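Below, each structure is written out as structure tokens.
Next, two complexes with chain A in common: one pairs it with chain B, the other with chain C.
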Partner chain A sequence: MGWFSTTPFLNVPDSTQITYKKSSWWKLNQQKLTPWIFLFPGLLLFLVYVIWPIFNSLYISLLQWDGLSPAIYVGLSNYIELLDDEYFYISLMNNLKWLILFMLAVPIGLGLAIFLNQTIFGIRLIKSLFFFPFVISQVVIGIIFSWFYNPRGVIGPFLDKLGLSNYAILADENFATYGIIFAGIYPQIAYCMILYLTGLNNLNTDQIEAGRMDGAKGFSLFKNIILPQLKPATFLAIVVTVIGSLRSFDMVAIMTQGGPYGSTNVLAYYMFETALSEYGYRMGYGSAIAAVLFTIMMFYILFFIYRMYQSEKKGL
Partner chain B sequence: MFPIPIQKRPLINRISYKILVPVSLFIWLIPLIGIMLTSIRGLGDITAGNYWGIPSEFLLFSNIKDVFQNTPMLSYIINSFKITIPTVIGAVAISCMTGFALASYKFKANLFIFFTFIAGNFVPFQILMIPVRDLTYQMGLYDTVTGLVLFHVAFQTGFCTLFMRNFIKALPNELFEAARIDGTSEFNIFLKIVVPLTRPAIAALSVLIFTFIWNDFFWATVLIQGQHAMPITAGLKSLNGQWVTVYHLLSAGSIIAAVPPVIMFFLMQKHFIAGLTLGASKG
Partner chain C sequence: MKKIIATLTAILAMGFSSSFAGTLVINTDLTDPAPKAAFEWAFNKFQEENPDVTIEVNNFDHEGYKQAIRNFLTTSPPDVFNWYAGNRMLPFVRAGLVEDVSDIWSDTGWVDGNLTEGMSHAKKPMTIGGKQWGIPYTYYQWGVYYRKDIFEANGISVPTTWDEFVAACATLKAAGVTPITIGSKYLWTTAGVFDYLNLRTNGYEFHMALTKGEIPYTDPRVHAVFDKWDELVKPGYFLENHASLAWQEAIPPMINGEAAMYVMGNFSVALFKEGGLTNDNLGFFQFPEITPGIPMAEEAPTDTMHIASGAKNKTDAKRFLIFLSRADVQEEMNKTLGQLPVNSGSKVDPDPFLEAGLNMLNNAYAMAQFYDRDAPAEMASEGMKGFQEYMVNPDRRDKILERLEKVRQRVYK
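Here is the complex of A and B:
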């Protein structure tokens, strides 16, 4: 309706003139307004469903609230309670284990990519099959590995041979987390592999040939010439692996639900459990856990944005 | 080429490579092969502990039939489609617009908005969970497909905008300028020039988002409660609780759940990988 205000001097509502005025105003401002019109639906949805909830959650973390009865403002007491919460520390430690072990997906993916970067008959199909685990839902991967680890399941016969009959890794509080991480890393390796395969595909052949002329071979060729060229792939692989490791919810929910005795909890699952499960509806406390997770993630986000900002300034 | 093409290596290397590749593929896929073998077995094999041997009966189809008959699997699958397809259409359409706006117009807030979209896309779901659930509840959309789709579209807009913006940015700007000089309106530039040229990006995004949303479990758990709207991931999880010992049926169910994204991947492989590896090489 804004543009009608540009016609206050017209006493007679002359429709043709109004349209003319409207279009000329529009013509003048079209360049300025169009991006905002195009941005509007996306920006609105994003603000309502992503940006506002972040701040709202941070606020809820200062409340004591079960989601139904009136909330009580309690300041930082949820965070203070976290400091004394054994399960919070277990979850945090497990997140750290996830993060560190998940990083293995990057070199393993690179190794696989180098191994498969050949042109033999059927290699395209083979690469796709290696990539397969990434396409499948984590829920399915979780179910597959639960079945796989079940001592009376697929792995049973091998355990018998190793003298570990009836050993259930997911029921062992010392090792269950590693069992889940192993399952979680499986599709992540596939993702890293595909990133590196793309990177290897786009290597600068001249540089490699020049390096070979100079007598660079094997590892020194790899380290001095190949690896620097794979930098964009490595960067992306690290970014997606860090994020993947912090989004461990699905696997934990399917495989152990945090058990045995809370030993496989991670922040993502512990938050859900506190806020939305039979253990009680502690929205404020759950939000405080989410805020901790968010803060950790924010470091990576800012690092990523900083990198993008640098390349924007340079490139475009 | 790196590494050196195997064809230039001695015969012995070539032969061992050709043996090593299928062997490693087999090892890599053992978990998947395990579940496939399980899905064709009968209860007899499972209780007898015959997991790796030759199945005594071939029951894949009867297991699949069992799953469909005795569980709401069919309705889970239909729900998954009802959630996934509108999300793909919504997120891709919206991000074509936001991507275009951020790629081809200069204005002060441009980079800030762009980075906001990227940052939001990496945020852990848990920080959104309680407010989004409340909001959905208040709109009367809790436990409905619509409520879940709305959130998915909003969240995916972050990633899709990043993707589309970079793609459109790489298009030659002269095209737009020439059209502007010819007097083409900005909307027609979008409809007649940008949309047709971004078709490969639209295809890549569509397969990616299809897979992401089909495989979503967290939001289906948070925003859906009843069977009537539950997608297959959450459905499988509830079956997982019920069927601790009936692994052959659970395996069959898992395979059914994996089929649509797998088909999508094989049909659109090039686009899928192009989408996932965006930025992995300096083009």
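Here is the complex of A and C:
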């Protein structure tokens, strides 16, 4: 503060009058308004493509509507029917199976990442081969896996050896969902592996050295030194895996179309089937299913936001 | 002939009043080679005869079309579009999206005066609420396609009664051949079997009443159909793992000689022949009689052409529909399609399958469209899911029929 007041260059003559222009409303509020102006295009898109459809779907779920003729208001009867719909419960259970089993992608991805995190000749090529499932489109993976599961195909001789000759997993109501999840988890593992590989690149070597000096070895080194450093990668991997499992629509659509007889339906596909597929003309019922799926996702998102808020409070 | 010219001039005069006269927009789903060739011929022929009209075709993918139709009919309706007869067109007719074309059917002055006469047998599936909503241009028979050589090798002759049919299945099974192949991944193949079992067990009137929702699925007569079905399902006469196979994927077992029969539509013949079967070892027979004395009705799905109610050029659209109803046009188109013309004035190519089909359908007591065209969409989708589940788990019959009954009460409310 001292040097400023004694600065020799600032010699304002006494005669000079400083006049202030009267500030405009814009000048006064510029600071407050600018962020909103920048946010406006994004907010507009968000309103039109996210908020409005959500409320519109909730409204449609109160109607009986085939998408063509005039709609009839039926109150909550779509939801009441949902409670008595066995396909709905099957879909809900399958969503749960997806959610739980999909989580396996995280530890498997971590394992592969550690395995590949070496410096030997040709490791770049090997790594890129492991990236492959993530690069291929889900549709292609779905088609390839349905060929793979065909008992007349590649898997045939192995099934014969296991005493399961002619077993088609996608035709078995009890196991078809697991067959699809297995196909769906294949690219998800690659995704988690990529996340962990970048995490492993950023490990602090000093800490590892220090840990070694203190006698940490093997699993204890991994658990106490490396894993905590991978926390951001783990967090991200879990988030994308949960999202991946909840939007498990494409694999089901390609591999079984919800069949055999609805046993592999998930909420997203069941919604599509009732409202939009070849025989689906029930927009109201489909929207009611969508509302349930939305509620489930909302719980997850709120939990996620709460956790983020808590950790930010701690971190800052 | 004079009449035609007079009508055409009248239509032309009307046509000029419309600002879009001259352009006829047609939405279709011609991705398969045979329908594509047949329609290309028809479009060219129509333009040759009507040089004042320019045809504009919007071609959709066959599966995608089933979803796209809802959008284009409500947002940007074409003049003409193809679809299917029966209840399949009901949602669109009910929503007022399809133009009433009863005048084409009733006005004998339109063409050479024989439209109603030549297609009277196909009028019923085109009628909703006493009006006609389109014209049919092709149909095909359903029945049993079989391997003649495998039947001969096992000393089986073509079965005409249910007992003979079941006995044939037993003989084939004992010989290590899968009696009936089927791929039920996309569900509708199961409906073909159900339709025939019901048509033969309870007759056409019952089948129609059931698909119209007038009979509960828990009715003992419906159970009687499943009793017959049990005789095929329980001994394992159908192909294993059919729930994971598309209908085309069930064809190779028959080509390899691992399976002997397929309850299918005539469109399958092209695939059988592509796979190497010929008229010598591939045969066709009518689905056998079950309840003696019940008149034999057949399954004959009809493909149709309609005018959108929002069409801009209805005059030329009607001209096109009339053109498509003509005996000579249907004859030529169906030669390419490998199917049967609806107009009884058309001749059929000398092909054993078409001849057998035509002969069977001409003597048919009545024609059903197919379960998913006779029953409304929601019922059809639940019904076919139920049929598939039954074919895998015949023990769950009661549970399935109760569920279908619940759906019936909701759908036809």
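In this section, the second predicted complex is superposed on the first by the 257 of 316 C-alpha atoms of A that agree within 3 Å, B and C clash if a C-alpha of one lies under 4 Å from a C-alpha of the other, contacts with A are read in each partner's own complex, and residues count from 1 in each chain.
Simple rule for what comes next: a contact is a pair of C-beta atoms (placed from the backbone, for glycine too) under 8 Å apart; a residue touches a chain by one contact, two chains touch by 3 or more.
Just so it is clear, the structure is predicted and the values come from calculations on it, not from any experiment.
**Student:** In the overlay, answer first, second, both or neither for which of chain B and chain C A:151 touches.
**Tutor:** After superposing on A, A:151 lies in contact with chain C but is clear of chain B.
**Student:** Please indicate which partner A:166 is in contact with in the superposed arrangement: first for chain B, second for chain C, both, or neither.
**Tutor:** After superposition on chain A, A:166 lies in contact with chain C alone.
**Student:** Between chain B (first) and chain C (second), which does A:260 come into contact with in this model arrangement: first, second, both, or neither?
**Tutor:** second
**Student:** Who wins on chain A residues touched, chain B or chain C?
**Tutor:** Greater contact footprint in residues on chain A: B.
**Student:** Pick one for A:238: touches chain B only (first), chain C only (second), both, or neither.
**Tutor:** Touch partners of A:238: none, neither chain B nor chain C.
**Student:** Counting only touches as set out at the top, which of chain B and chain C does A:68 meet: first, second, both, neither?
**Tutor:** second
**Student:** Touch check for A:288: first (chain B), second (chain C), both, or neither?
**Tutor:** It touches nothing on chain B or chain C.
**Student:** Which partner chains sit in contact with A:105 here, chain B, chain C, both or neither? Use first/second/both/neither.
**Tutor:** In the superposition, A:105 contacts neither chain B nor chain C.
**Student:** Tell me the contact category for A:116 with respect to chain B and chain C: first, second, both or neither.
**Tutor:** The first partner, chain B, only.
**Student:** With the two complexes superposed on chain A, say which partner A:276 touches: chain B (first), chain C (second), both, or neither.
**Tutor:** It touches chain B and chain C both.
**Student:** Looking at chain A, which of its residues have contacts with both chain B and chain C?
**Tutor:** 67, 146, 150, 276
**Student:** Would you pull the chain C residues touching chain A in the complex into a rising list?
**Tutor:** On the chain C side, the touching residues are 63, 66-67, 70, 73-74, 91-92, 94-95, 97, 184-187, 240-245, 372, 377-378, 380-381, 385-386, 388-389, 392, 403, 410.
**Student:** Taking the touch rule as given, give the residues of chain B at its contact with chain A in the complex, in rising order.
**Tutor:** Residue list for chain B touching chain A: 1-3, 5-7, 17-18, 21-22, 24-25, 28-29, 31-32, 34-35, 38, 49, 51-52, 94-95, 97-98, 100-102, 105, 107, 110-111, 113, 115-120, 122-135, 150-151, 153-155, 157-158, 161, 169, 185-187, 190, 211, 214-215, 217-218, 221-222, 233, 236-237, 240, 247, 250-251, 254, 257-258, 261-262, 264-266, 269, 273, 276-277, 279-283.
**Student:** Taking the complex as given, what residues does chain A use to touch chain B?
**Tutor:** Touch list, chain A to chain B: 30-32, 34-36, 38-39, 41-43, 45-46, 48-54, 56-58, 60, 67, 114-120, 123, 126, 128-133, 135-141, 143-148, 150, 152-154, 156-157, 186, 191, 194-196, 198-203, 205, 208, 221-222, 226, 232-233, 236-237, 243, 246-247, 249-250, 253-254, 267-268, 271-272, 275-276, 283, 286-287, 289-291, 293-294, 297, 300-301, 304-305, 308-309, 312, 316.
**Student:** Mind listing the chain A positions that touch chain C in their complex?
**Tutor:** 66-69, 81, 86, 146, 149-151, 166-168, 170-171, 173, 256-257, 259-262, 273, 276-282
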